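Order of writing sets the chain letters: A, B, C and D. Residues in each chain are counted from 1.
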């Protein structure tokens, strides 16, 4: 954990829903991997006493790109204050061939940084967009990603095949109750496969994180392996370990 | 500087600087080691610990409010023994006093926990956390339970509700110090679920209310008072000392800007030295202290 | 609709609508007559009146805070007899209950004032205002003094500090209704003089704290509760009813937008009717009620 | 007391310190006289729970002009919400010939609407600017007003003559403690004249007014004639009636 400041060097309006910010860092940005996010305090924009998680979607030599909703206002040259990268990288299996990314009722932003890494390692990637995520515009994503748009609920064409064929699944959800949503996700995958094995289905948890360092207790999660903090041990948790 | 924040007597706690974190704002003392220079602080206080393990609250836990944040965590923690096993050697290695915040659940658990903590050399004092809707009779009994089982100072963090009656009662029961106050309990609608959620309120809005309570209690009760609530700047902290507090606890600003705790501690170190040599408190507005000047220099360098 | 906001019995006060102003937000009932339709309100409460005249506080009286305002007036007023002479005929002419807010200074003055008000047909009830640092023993005695001298309902407005102990005590002493709570007492630096000033805090920041107290007290004490604190919208008021209040008092938003009191009263009239016929409270968010629809129509007309 | 809405029709940058807003009203603006102010709530600009007093400086057929600090931001077309005109008009004596207006440590804005009325009635006007008011730029004022710039304290050249020659004096002051400032003003005028007679020296009181209608008690003033509310009985009070 190390406080750092980043400069907004470029702002790209990707489409009517999202924008990309290019951030360069004072000193080195450190090693960043899929799953880590920046905990950022932006004076006057977000809540004055809560930081926001900013998700990198690609990494260049001297800057990173984060994806933000288009309606937020930033300025080139603006300095943002970050509490470093928080969380643990997503754990990918060895011998991985097919990965399924699912965004339900929320943009797939926290999953996108996996794409260059997976494709670079010759792993095929399918991105499923269900619920309100169906309207997410994917033109800026790598053409090699297979995009599937599902239904209003948590269903999509070929879902049984996708679930069977995938070696690992990462799901991000929106809505009022994240725990309830992931219980629904788990139950749904149990109907798609005979049984959900450990290390197969991961939920990406994204509650508001007041401290981001394990100090405040707000993101405490009970798992069958014991208690965890989403900010330091997450964001991804194996849904077979979830206490119901 | 040596500031005694306890009643004089055998249960004494002396700080070099009248600034510490508040319980729950700092984890168990491990998380901010790379950001904050601990040697600038007066003491550290652990996250709330209960004798037995506690799991977290279900449902919404964070509600953003106007100029504040509501937190409802249920005070999850692995229980006293596990925490001691994990953090004892860290606390031993620190050169400043370590205060364990003990959640005052039942008389029996408080007695057991206090006896346990009495044996631990790495713990300098206990801060008892009371339920927010406790009566003064229960509070008095719980404090009595702690005091009979340890010779270490027992600080008591008062809830906002019934603070005056409880202050009188726990002072009588042997509290070494009154910490005024725990974050006020509030109820607000979770924007995600639409449900009413009860929790603790953090933010600058808390300061005027608690600052007033500190003044009242410092006048009313003959036990040193530590002020805690909505301190977000050195000036906020100085206001508490002016109102009669012997020291202050800094809470949620640490989550947003950890370094601010150290800035407040450095500033107040200087403040106390100056105050005791009779300088006007009014000279100490933002922009006057060493820290501020250093901050300004850093800012200029950054802007250049 | 008929809502009894008092314990059943002879000292009964029944409102048509569970919304009134808070003491001090409305003068003596005269100032907003051209702006607010009184017939939409449940009752009106006078500004705080003491048995003898009081003059104002010296020095800073208004301190703007983050999302709130601190007021320190000293509760100036010309004394009970003068107020009655001046406003008796106005109060007689109003078609809704008039509640006199009586500053509970001394036992003797409370006895005299209560006896005096008992004779006044234009006064429907007394609301006793207690000092913010009162003990429950004193509070109990003062309420007892009022109750022995009048057969009218005696509402008691609780201070935020020690509210739970005082609630228990004054319920025992015969309070008809608990008004939860008076504006919390706060201390802040006057930006003009640089001095610390103590006063009352008004604004939305008060709501989460008092809403929580209303829930606690409604569960704890078997006397109807009126909620008061930081109500700035119909939704705020509905939250109080959901938390267990029988009615609400609206305070400082009246100063900024007098009409909002009427808007809240119209909205809650409908809310109660609907709630009692088992509608989901969640249907009642902003944008759903008649008032909201009318407001929208008016807005559209204005914008056109 | 009647709530009303006004539209900002024009914004004129008078000089680097002040701007003038032209306000037109829904319906009639009502009769406005020197001494009355508009109690205005401007969303997002001022404090969200406190209104501000806006002082008209001239009145036209279908709009009024108010003077505001140049640093505040307004937009043409912006709607402001006003709680009507509050206060009582300044009381001018009959047979008035010479009026002295004094602004000390604050702009003379609350006094300026008297100028067209006084000049129109052939009464001569002297405006004294002392303390920080010395830097107030008077180029936009009527040329017939005599302007005197004084010292850092509450003194100016010819003060004895001005005080003797004036039939009435209206003073507005800045600073932390308005009551203390007016005590100082009174004492100063006692040194300038043998005695300060009733109806001669008026203080224009301008505390923050939370309600503006006599409801909240924040502007209560003790006077020898009895208690008064600044918002309903002010802003001007005869300083010989001040309780010390």
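As a convention for this text, a residue touches a chain if its C-beta (ideal position, glycine included) is under 8 Å from a C-beta of that chain, and two chains touch if they have at least 3 such contacts.
These numbers were taken from a predicted model, which means no experiment stands behind them.
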Chain B and chain D, separation of their C-alpha mean positions in angstrom: 48
Whole-Å separation of chain centres (CA-atom averages), chain A against chain B: 35
Centre distance in Å when chain A and chain D are each reduced to the mean of their C-alpha atoms: 59
Per-residue multi-chain contacts in chain B, two or more chains: 67-68, 194
Residue numbers of chain A (touch at least two other chains): none
Contact graph of the chains (line, ring, star, complete, other): line
Interchain contacts (touch definition) - all pairs: A-B, B-C, C-D
Complex interface listing, chain C residues touching chain B: 65-68, 70, 133, 135-136, 160-165, 184-189, 194, 196, 198, 201, 204-205, 207-209, 211-213, 215-216, 220, 235, 239, 242-243, 282
Touch list for chain A against partner chain B, complex: 1-3, 5, 41, 47-51, 81, 83, 175-177, 179, 207-208, 210-222, 227
Chain C residues touching chain D - in the complex, by the definition given at the top: 24-27, 31-32, 34-35, 47, 55-56, 58-59, 61-62, 64, 67-69, 71, 73, 75-78, 190, 192-194, 202-203, 252-259
